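Some structures are shown below for you to check.
Same chain, two partners: chain A is paired with chain B first, then with chain C.
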Partner chain A sequence: MKLGNLIIAGIVTGSIYAAFAACVALWYRVSNILNLAVGDFAMMGALGVDDLVRVKHWAIAPAILVMLAAVAVGAYVYDRVVLGLAQDGRTRQEGIVVTFFFTFALSFFLEGLAEVLYGTDVHAAPDLWAGPSLNVFASGLHIERAGVLVVGFAAVVGLALAVFMRRTLRGKAVEACGENYLGARIVGIDNRQYRRLLFVLSAVLAAVFGILESPITGYTFNSGASISLTGFLAAAFAGFQKPGKAVVAGLSIGLLEAILGGYVSAQYGDTLLYAILAAAVLIRPSAMGLDVALD
Partner chain B sequence: MTDSAGGRGGATAVAPGSGDGASSQPAALRVADLSVSYGRVAAVHDVSFSIDEGECVALIGPNGNGKSSIVMGIAGLVARGGHVEIFGRTAPPANVMFMSRHGLTLVPERRQLYPQLSVADNVILGCYSRTRSLRKARTSDSYRRALTLFPELEGHMKQKAGTLSGGQQQMVAIARGLAADPRILAVDEPCLGLAETVGKRVYDALAGIHADGRTLLIVEEAPVRALQLATRQVEVRNGVVVRGSE
Partner chain C sequence: MSAGVVLVAGIIIAGFFSASYFASVVILALTYAIVTAGMAVQIGFSQQVVFSQSVFMGFGAYGVAVLNANVGIPSLLAAVIITPASGIVAFVIGKAVSKASGLALAVATLMFPLIGFGYLSYANWLGGSIGMPLTGNLWPGGSSSVANGLLTVGIVTLVVYATTRLVASDVGLEMYVLGVNERTAAAMGVRTARRKLELFILGSMLASLGGAVYAGTQLFVPPTLVQATSELSLLIMVFIGGRRSVVGAVLGAVAIEYFSGISNFVSIHILLIEGVLITVVLLIEPEGLAGIANRVWRVASASLWRQRGEASLAPAPPTAEQAPAPVSEPEVSAFRRHIAERQAASGSLPSNLLECSEIDKEYGGMRVLSAVDLTLPHHGIFGLCGPNGAGKTTLLNVIGGSVAPSAGRVLLNGADITGLRPESRFRLGVSRTFQAVHLIPGRTVIDNVAVACLASHESTLVRGIVANRLVEAREQAMQALEYLGMHDLADREVASLTLETQRMVELARAMAARPALLLLDEPASGLSTPQREHLKEVLHSIGEFTCVLLVEHDLALVAAVAEKIFVLSSGALVFDGSADEFRSSELVSSLLIGV
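Right after this comes the complex of A and B.
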C-alpha cells in the first residue's frame, strides 16, 4: 500500500517535472536557448487566475482565458523585442550567454512583477476539479483530483509533442532549426516564425500547468525559479533535444524522488536524488544526450 | 522535372540589363549589379551575368573572392543589393522561400546538413518549400528521384547524417536540394574536402542532373571538373566578374 501511494505521488510529481521539461526541451529544440523563465510563466498563470477569481471575483473560465492570453502576449512581445534584436539582426548572437542568460533576465523581471502585483503570500489557482482525493479502484490508493488533471494534461501534451516532432514535416522543420540555422533557411524554413510560435506555445503550456498544479503545491512570486530548475533538470536528461524523452525523464525523476523520500529518507531524499542524477551524468553523458547539449 | 529545355551547348550569354536577351524566353537567372556586404566589408561589387535554362555555368575564382557570397545573395540567404530575376520574375532580396518556390535551390558549401537527424529526414526536408505534408513529401516524385540518384544512401536512410562520410554527406545535401524539384540547382564547392574518387562520383551525379534538363550553377575554386561539365564559365576575382558576364 505504501509503495503504491508512493508511486502515485511520484507519478504526479514526475508529471509536473515532465510538463515543464517538455516546455524547456520544445523551445530549446528550435532556438538552442534554454527557457529559464518557463516556471515564471507557470507562476504568473497561477497567481493571475487566483487574483482574478479570489480578489476581483471573476468567473474561473474567463479568468483562465485572460491570463493565458496575457502570458501569450507577454511572451510574444519579449520574443519580438529582446530575442528578435539578438537573433534576427545582421549579426546573429550565439553562444553560452544567449543560451543561458537571455531568458534569465525575463525570469527576474516576471518575479519582480509578480511581487508587485500579488505580494509575497502563497497563492493557488482555484481547484478545477474540487473534492476529496480519489480512491483508485477502491484499492486504498489515493490520488488528489488536481494530480489527476496534471498527469492527464502532461500525458496529452507529451504525446502530442512526440507525434508533432516525429510524424509531421513541421516537427522535423523545428528540429532542423535547432540543428542548423543556415541549413534550415536554405530549404525555406522560417526559423524566426517557429522560434516565436514555440516560445509563445511553451509559455502558454507552462501557464496551464501552473494553473492545474498550484492547488497541490501553492505558489509564491518566487516559485518560478525552482519550477524552471525541475524542468531544466529533466530536460537535461533528454539532452534538451526531445520533448517526448523529457517527459519520460521527468516522470522517472519524480518516481525516484518519491521512492527515495518514502523508503530511504524524507529529509535527504532530494540530496540522494541529485547525487544519483549527477552520478548518472558523469558515468554516461552520451546515453542522456548531454554530450550533444554541451557540444 | 517537367520544364526541361535547352540542353548542353545551347548557352546564350545575355548582357546585364538587356531585358530578356537574345532568346524569346526570359533567362532562367539574370543577375544585375549584385552587391553583397558584411558590415562595412564589401565582398561582391556590381556582379552581372545571366544563365539560360538548361545551361550549366561554372562560377570560378580563387578562394575568398566572393563566389559563395554571390550564390548566397542570389539564393536570398544574405542581404544584397542589385537586381535578381528568376524566369522573368524579379526576386525580392533575402527571400529564400521566393527563390525556392520559383525554382532555385542552393546546395551550400560545407553541406549544412542536420547532423542529428536521419538521412531520410534530411532529404525530406528539401520538400519543405513545396509542401507541409509529410505524407505528400514522402510520396512525391522529386523525393523519390532524389534518392534513386544516390543508391549508395539506400542502406543509410535511418542513420544520423552527422555520422556519414564526407562524400555521403555531399550526396545527402544534393539529394535534399533535388527534393525541392528545382529548375535551377546551385551547388557551392561540391567537392570540398572530398577524395578524388568521391569527387568524381559527385560530378557524375551532377552530370546526370544536368542531362535531366535542369539548369546548373556550379561554384568551384578548383574548376577542372566543373569546366568539363559546364557550358560556360563566369570568373570572379576580388568580388568582381572579370570574365563571362556577357
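Right after this comes the complex of A and C.
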C-alpha cells in the first residue's frame, strides 16, 4: 500500500519534472540555449493567478487567461528585446556560457519581480478540481485531484510535442535550427521566428503546469529556480535533445525521489537523489549524451 | 599594479571607517572577492565551467566554525588548516570529475550545491537550518575590527597579486588556450587533464579561503551560503565585473556586495537589479565592466595620440602582410643548429624518423585506413595526396596522436609512440597544423606562436605565479616569426589578419617548437597563386632540416616541393614515388585528375 502510494506520488512529481524537462529540451532544440527561467514562468503563473483570485477577487477562468496572456507577452517582449539583441544583433554573442547567462538573469529578474509583487509567503493557485483526494478503485491508493490534472496535462502535451517533432515539417524545421544556425537560414527557415514561437510556447506551458501543480506543493517567489533545475537535470539526461527522452528521465527522477523519500530517509531523500544523479553524470557522461563541449 | 591599488584602497577604507557599519560591508564584499578572483581564473579565463564554488566556500566557512567553536582553535589558525585541506578534498573530487568536461562537468557540479544545502539543512552538529556561531575573530588579538579588516585586505591583495601573475604567465597562456580549444592545446603539448585538475583545485581552494574569511569576520555561518542561488549570485558578480579579468571579478563582487550593504533599496530589490544589470552589461560587452573600461581606455588613448599628432595606434594596413618573406641566413642557421644539437645529443639515430606499419582504422565497421605502411627519413618534404575521403587527414591524425589506430604501430626514432597522447608526441618533436585554421582569438600573433614554445608543460600553476617564463617563450616565438619574415606582425591580434597570414602564423607556431616531424594539413587551401609561391619557398627552406609530411590538394605545389609523394585511395597506399614518377603515372592521373 505504501509503495503504491509512493509510486503515485512519484508519477505526479515525475510528470512535473518531465513537463519542465520537455520545455527546456524543446527550446534547446531550436536555440541551443538552456532556459533556466522555465520554472520562474511556472511560479509567475501560479502566484499571479492566486493574487488575482484571492486578493483581487477575480473569477478563476479570467484570472488564468489574463496570467497566461501576461506570461506570453512577457516572454515575447523578452525575446524581441534581449534575445533579439544578443542573438540577432550585429555581434552574435558567442558560446553557450554567455547566452546561458541571459536566462539566469531572466530568472533573477522574475524572482525579484515576484518578490516585490507577491511578497515572500507560500501561495498556490486555487484548486481547479476541488475535493478530497481520489481513492483509486476503492483500493486505499490515493491520488490528489490536482495530481490527476497534472499527469493528464503532461501526457497530452508530451504526446502533442512528440507528434509535432516527428511528424510535421515544422518539427523538422525546429530540429534544423538547432543543428545548424546558418544552414537552417540558408534553406529558408527563419530560425528567429521559431525560436520566438517556442520560447513563448514553453513559457506558457510552464505557467499552465505551475497553475495546475501549485495546489499540491505551494510556491514562493523563489520556487522557480529549483523547478528549473530539476527540469534542467532531467533534460540533461536526455542530452537536451529529445523532448520524449526528457519526459522518461523526468518521470524516473520523480519516482526515484518518492521512493528514496519514503523508504530511505525523509530528510535526506532529495540530497541522496542529487548525489545519485551527479554520480550518474560523472560515471557515464557519454550515455547521457553529455560528452559535448559547452561551446 | 592592480594588487597595489587594492591594497592601498583597502587600507584607507579599513583605517578611516574602522568602527563603522561601512567597514563591515567592505569586509564582506572583500570576502566574496576572494572567491570571485578564483572563479575569474577558472571559469572565465580558462573556461572550465563548474558550479561547485559555493560548496567549497561552505567547506571553508563550516570548517573554520567547527575548528573554532568545537575544538577551540583560533579562527586564523583554523583558516590556515582548512585551506590546504580543501585543496585535498578538491583533488579527490577533481579526480572524479576530471573525466567529464564541458556540459557534463557543468551539470554534475550543478548538483553539488543542491547536495550541500540538502545535507547542511538537517545536519544538527553544524547547526542545522539555522547555522553555526563562532567564538573567535579571524584576528587572534581580540575583537578589533581594524585588525580584522586589515587582515582581510591583506589576503585579498595577495590573492589578486597571485592570480593576476598567474594569468599573465606562460602557464596562464596554456590555460587560456585550453579554454579556447582543448584539441589545439593538446596538439601544442599542453597537458590538458592535469591543467584542468589544477584549475579545479585552485578555484576550490580560493573559494574555501573566502569561506574561511567569511566565518572569521561574520562570526556566523548559515547553510544558505551553500545553495544554487548563492552559486548563481557568485557567477553574476564574476560576469558583471568581467569574466576573464581578475580585477574585474573582484570589482564585480565588491560593487554588488557594497551597494546591497549600504542601500536598503538595493538589498530588497537585489534580484531585480542583478537580473537587469547582468542583462544590460552582457548586451553591451560580454567581457563585463572590465571589458567596457578597456574599450573606453582604448578609445580615449587613441584620441589622445591623435591630438598629439603622433603615429596612430591603428593596426598597420593589410598590405604590410603580403610582403614575401626573405628567409634570412642567421635565423636559418639557428634552427639548423638546434636540430644538429638534438641529433648529436640523442646519439646514433635510426635511419628513419617515422615508421608507420600496418595501420588500420575503422569507424564502426567503415574501414578508413587499411594496412598503411609509411616510412619517412629525418629531413625532406613528402607529399600525401588522394581523392576526398581517401583517409589523408585520418592518417595525419594517427601520426599526430589525436586518433588511435584500430591496428598497427607508429614508431618515432625507433620508439613505439602508438599509445601516446598528442601532447606527449608534441614534446617528442611531432608538430602539426590543422585543415581549418586553429588559432587562439583574442591573443596576439606572438602569443599564438609562443604557445608552442612553452617550457611550462611539466610545471604546476604555482610555478606560473613565482616565475613567469613567458618572455623566453616569446623570444623563441619571435625567432620563428623572423625566420618566416613575419616579425612585423608580432603584436597584431590574430583575428585581424587575412587567411594567408593566419595560415602562416599557424605554420610559424608549428615550426617554433623546432619539430623533427612537421605535419601540414592543406596549408595552401584558400591561398592565391602568389601566396602559394611564397609558401613553396618557405617549405623548401624548412625541408632542408626538418621532415615535412604535406597533405595537399594542389598537385602542382606538391610535385614542385616534395621529393617523394604517397597516394592514398580508399584507405590504401596505392602509389609512392618521386615527383617525376608522380607526374607520369597513369594511376595517379586517373585517381586524382580523372583522366
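Everything below uses one rule, namely that the second predicted complex is superposed on the first by the 289 of 295 C-alpha atoms of A that agree within 3 Å, B and C clash if a C-alpha of one lies under 4 Å from a C-alpha of the other, contacts with A are read in each partner's own complex, and residues count from 1 in each chain.
As a working rule, a residue touches a chain if its C-beta (ideal position, glycine included) is under 8 Å from a C-beta of that chain, and two chains touch if they have at least 3 such contacts.
Just so you know, these numbers come straight off a predicted model, no measurement behind them.
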A:L169 touches, of chain B and chain C: first, second, both or neither? first
Contacts of A:S226 with chain B and chain C, given as first, second, both or neither: second
Touching partner for A:N180 - first (chain B), second (chain C), both, neither: first
Chain B versus chain C as contact partner of A:A278, first or second or both or neither: second
Contact breadth on chain A, by residue count: chain C or chain B: C
Partner chain(s) touched by A:G188 [first = chain B, second = chain C, both, neither]: first
Contacts of A:L113 with chain B and chain C, given as first, second, both or neither: second
First (chain B), second (chain C), both or neither touched by A:F102: second
Set of chain A residues, in rising order, touched by both chain B and chain C: 292
Touching residues (chain side chain A, partner chain C) in the complex: 82, 85-86, 93-94, 97-98, 101-102, 104-113, 115-116, 222, 225-226, 229, 232-233, 236, 240, 267-268, 270-271, 274-275, 277-278, 281-282, 285, 288, 290-295
Touch list for chain B against partner chain A, complex: 39, 75, 77, 79, 96-97, 100-101, 105-106, 108, 111-117, 121, 124-129, 131-134, 137, 176, 180
In the complex, chain C residues that touch chain A: 47, 49, 96-97, 99-104, 106-112, 114-115, 118-119, 122, 182, 228-229, 232, 235-236, 239, 269-276, 278-279, 282-283, 286
In the complex with chain B, residue positions of chain A that touch it: 90-91, 167-170, 172-173, 175-176, 179-180, 182-190, 241, 292
